[in-house]
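In the two complexes below, chain A is the common chain; its partner is chain B in one and chain C in the other.
Right after this comes the complex of A and B.
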């Protein structure tokens, strides 16, 4: 049995459509279902765990689950609005601490909740750029400062930049032309085509965005090796890496542990889903 | 220089400060509200500017971080993330490894039987306690605290753990050394009553076990709560932000203090993540 944990995101929905079309069975669990409907009996001893989730007539014994596709990276606090305000974060943390254990205890989770996902650093560009740089990737220059005067000076130095109000990625890589009082981060804007790299364990698909369209693309073998090494270092099984292609090299812009498969060239998507399904069917 | 980052109420830090003053070791103690701004760039360099305009960088100092929860966008937390792992006790990323008390059980060879229940009625035989799963609002209670169990069981997972009877030991792993204390309390969670702390000579099998955990979590500084019975040891949980100064003071045994200072000054802290 394949188990899919997701909150209705477009990627999981698209993957489930692929599974439906091929009559590959799976069970979908959403946060709402876990919180409101599912009964849990999860036993842990030093010899291993036995876990049963039950809702309505369906009994999910984790020993019968072959693969777990997880696109939850936290549980939104909106699900706990019935609790008094001061208890909401506590209940949210109890749930998340349980799910982190449950997802990670299962051997075939794609992706497990890694420590970088748990701490949130994987969503922060200083961490991602430092890690990527240490892995041999070229990265954009970036600055963080809480002094607006300093930010203005640095923006002048960079000339072309993307502004950020936090240290988190927000999927916005458009060039900015002004600084406002909330700006605390500047990322060097690099001209060039955008390249999406999607990785599933030891397989890689590269897509280039050019002239308003997407095309299959091939990066060098050494770049591919570096991508695999970076993903392994982060202990991820699936990932998305976004590059800008400048005159001489690839500049890494973004890493996600929750890939948007639909950013891949359309010809790749069935191959990606086939690979994912095969990994989830075989324990 | 040693930089202590904590709230003013943190007892471990205030004891450490007194000690460093006595030993004339240079240090600075800063609290989150002393931090005015942070600067960081792509070279890996980061610094904080304090309200007195002085600057502290992330490379040439050693940090002792005792801030448990800080808002993610506070300038200080941004800076803490920019400190290399081996330059800071305890990096927020290291703390996150132990976020879930259930997830950390995989690092132990022996722990009490544990069960998570939600939306299920069950009568336990034997003595069982209720424990929080996360480190937020950490608690341990007798499971006959029916109101507590009822209030949670329908809409959140509740952790039940077999109560083991024996000596409650807290051990501090500092490098390759282990310092242990016996805790005597009238409640399952010593924090909920007056408790007494005595130095406890660490048995070899305990030391061996803890050093094995250290190599699994790739960190050589943490503390561990356990129950030692006549036949066995059961690990309850580990914590990445110990308070050895507090235990040294309460037990009136200061051997751990000397080791801790040495550990910092010789930069023996290792993080392999």
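Right after this comes the complex of A and C.
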């Protein structure tokens, strides 16, 4: 049995469509179902865990689950409106604490909730750039500061830059031409094509965005090896790495533990889904 | 120079700061509640009360930043705190502890399942949601929160709602009426404290609890050090219970309130070890 945990995101929906078209069965679990409908009995001893989720007539014994595809990285507070206001954050926290345990205790979760996802640092470009740099990747120059005066001086030094109002990367590569009072981050703007690298365990697909279209692309073996090493270091099984291609090298801009498969060249997508399905069917 | 980061209401910071000052160690306190007021974060230095402190001048950082609610009236404060936390995490050396290494404490069951367990056992645990509590196996249980929000550990049969359904997941753990031991691990050193109390949750036994140094067997010390190392924690507090000769682990606290224990002991060895770790000795 394949379990899919998602909140209706476009990627999971697209993957489920692929499974439907090939009559590969799966059970979809949404946050709403978990919170409102699923009865849980989850036992843990030194010998391991036995977990049963009962949902309507369906009994999910995790020993029978072959793979778990997870695209949840938090549970929205909107699902707890039935609880009194002062309890909502606590209940949200308890549900997430349980799901982190359940997803991570299962041996074939794609992806597990890693400590970098739990703590949120994986969404922060300073952390991503520090980690990538330590792994041998070229990264853009970047600065963070509360001081608008310092930001202005650093922007002048960079000349071409992307401004950020948070420390979280939002996948925006657009060059900025002004700084405002909310700017706390600057990332060097690099000319060149955007390259998306999608990784599933030991498989990799690379797509280049060029002249308004997407094309299959091949990065060097050493770059591929570094991609694998980086996602292993982050204990991820699937990931999306976004690069800018400058004159000489690839410059890493972003890593996501929740890949947008649809950013891949269309010819790759069935191969990615086939790989994912095979991994989820075989425990 | 040692940097202490957190709230001015944090008793651990206050206690350690006094110890460092008494030992003539240069120390700077960065009050997270003064961000945008007397604390500013620059690309390569902090400015605290108009004095610049370059990031490379700190030998060690005790990181005890407390998350603030997202709905504070000034939206810049959580953003500023996340920037501060990010700087500490990526630009400073010898941080005790980095934020991602503390994350496992947000899910107690996840945390104890990831530990390397050799001679330390984990208590039998059960999570129930929307299920009758009659599903509990035939042993005595305590119940507590699964996440990082503190709850008072309570014996199940003493709770007035024992026959109801639980709508959110609740963690029930086998009641082990043994000796409570708190182990503080700093790098390769263990400090064990035995807490004698008549209550299940000794934190709330204000009148009768007693704290004593405890001689932890070497094999258990080594396992505690290994647990901290595997979690990349330079400093942590491990809660154990000894029962019938076996040691059970309850949780690992990556931001331990060690002063609560040390204040009740006749020495300041934990502070001394922490000072050395923060001095990069």
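A few notes on this one:
What we mean here is this: the second predicted complex is superposed on the first by the 283 of 283 C-alpha atoms of A that agree within 3 Å, B and C clash if a C-alpha of one lies under 4 Å from a C-alpha of the other, contacts with A are read in each partner's own complex, and residues count from 1 in each chain.
One rule holds for everything that comes next: contacts are C-beta pairs under 8 Å (C-beta built on N, C-alpha and C of every residue); 3 or more make two chains touch, one makes a residue touch a chain.
Since the model is a prediction, treat every value here as computed from it, not as a measurement.
On the superposed chain A, the positions of chain B and chain C overlap enough to count as a clash.
Residue contacts after overlaying the shared chain place A:146 against chain B and chain C alike. Contacts of A:104 after superposition on the shared chain: both chain B and chain C are touched. Shared-chain residue A:166: touches chain B and chain C both. Touch criterion met: A:121 reaches chain B and chain C at once. In the superposed pair of complexes, A:91 makes contact with chain B and with chain C alike.
Contact with both chain B and chain C is seen for A:44 once the two complexes are overlaid on the shared chain. By the touch criterion stated above, A:76 is placed in contact with neither chain B nor chain C. 38-46, 90-91, 93-98, 100-101, 104-105, 115-116, 118-119, 121, 124, 126-127, 130, 143-147, 150, 166-167 are the residues of chain A that lie in the contact sets of both chain B and chain C, per the superposition on chain A.
Remark: chain A residues 37-46, 49, 90-91, 93-98, 100-101, 104-105, 115-116, 118-119, 121, 124, 126-127, 130, 143-147, 150, 154, 165-167, 184 touch chain C in the complex.
Residues 35-36, 38-46, 82, 89-91, 93-98, 100-101, 104-105, 115-116, 118-121, 124, 126-127, 129-130, 133, 139-147, 150, 166-167 of chain A are the ones that touch chain B when the two sit in their complex. Residues of chain C that touch chain A in their complex: 36, 40-43, 79-80, 82-83, 86-87, 89-91, 99-104, 106-110, 113-114, 117, 121-122, 124-131, 135, 137, 145-149, 168-170.
If you check the complex, the residues on chain B that touch chain A are 36-42, 44, 46, 49, 72-73, 75, 78, 81-82, 92-93, 95-97, 99-103, 105-106, 108-111, 113-120, 122, 132-137, 152, 155-157, 273.
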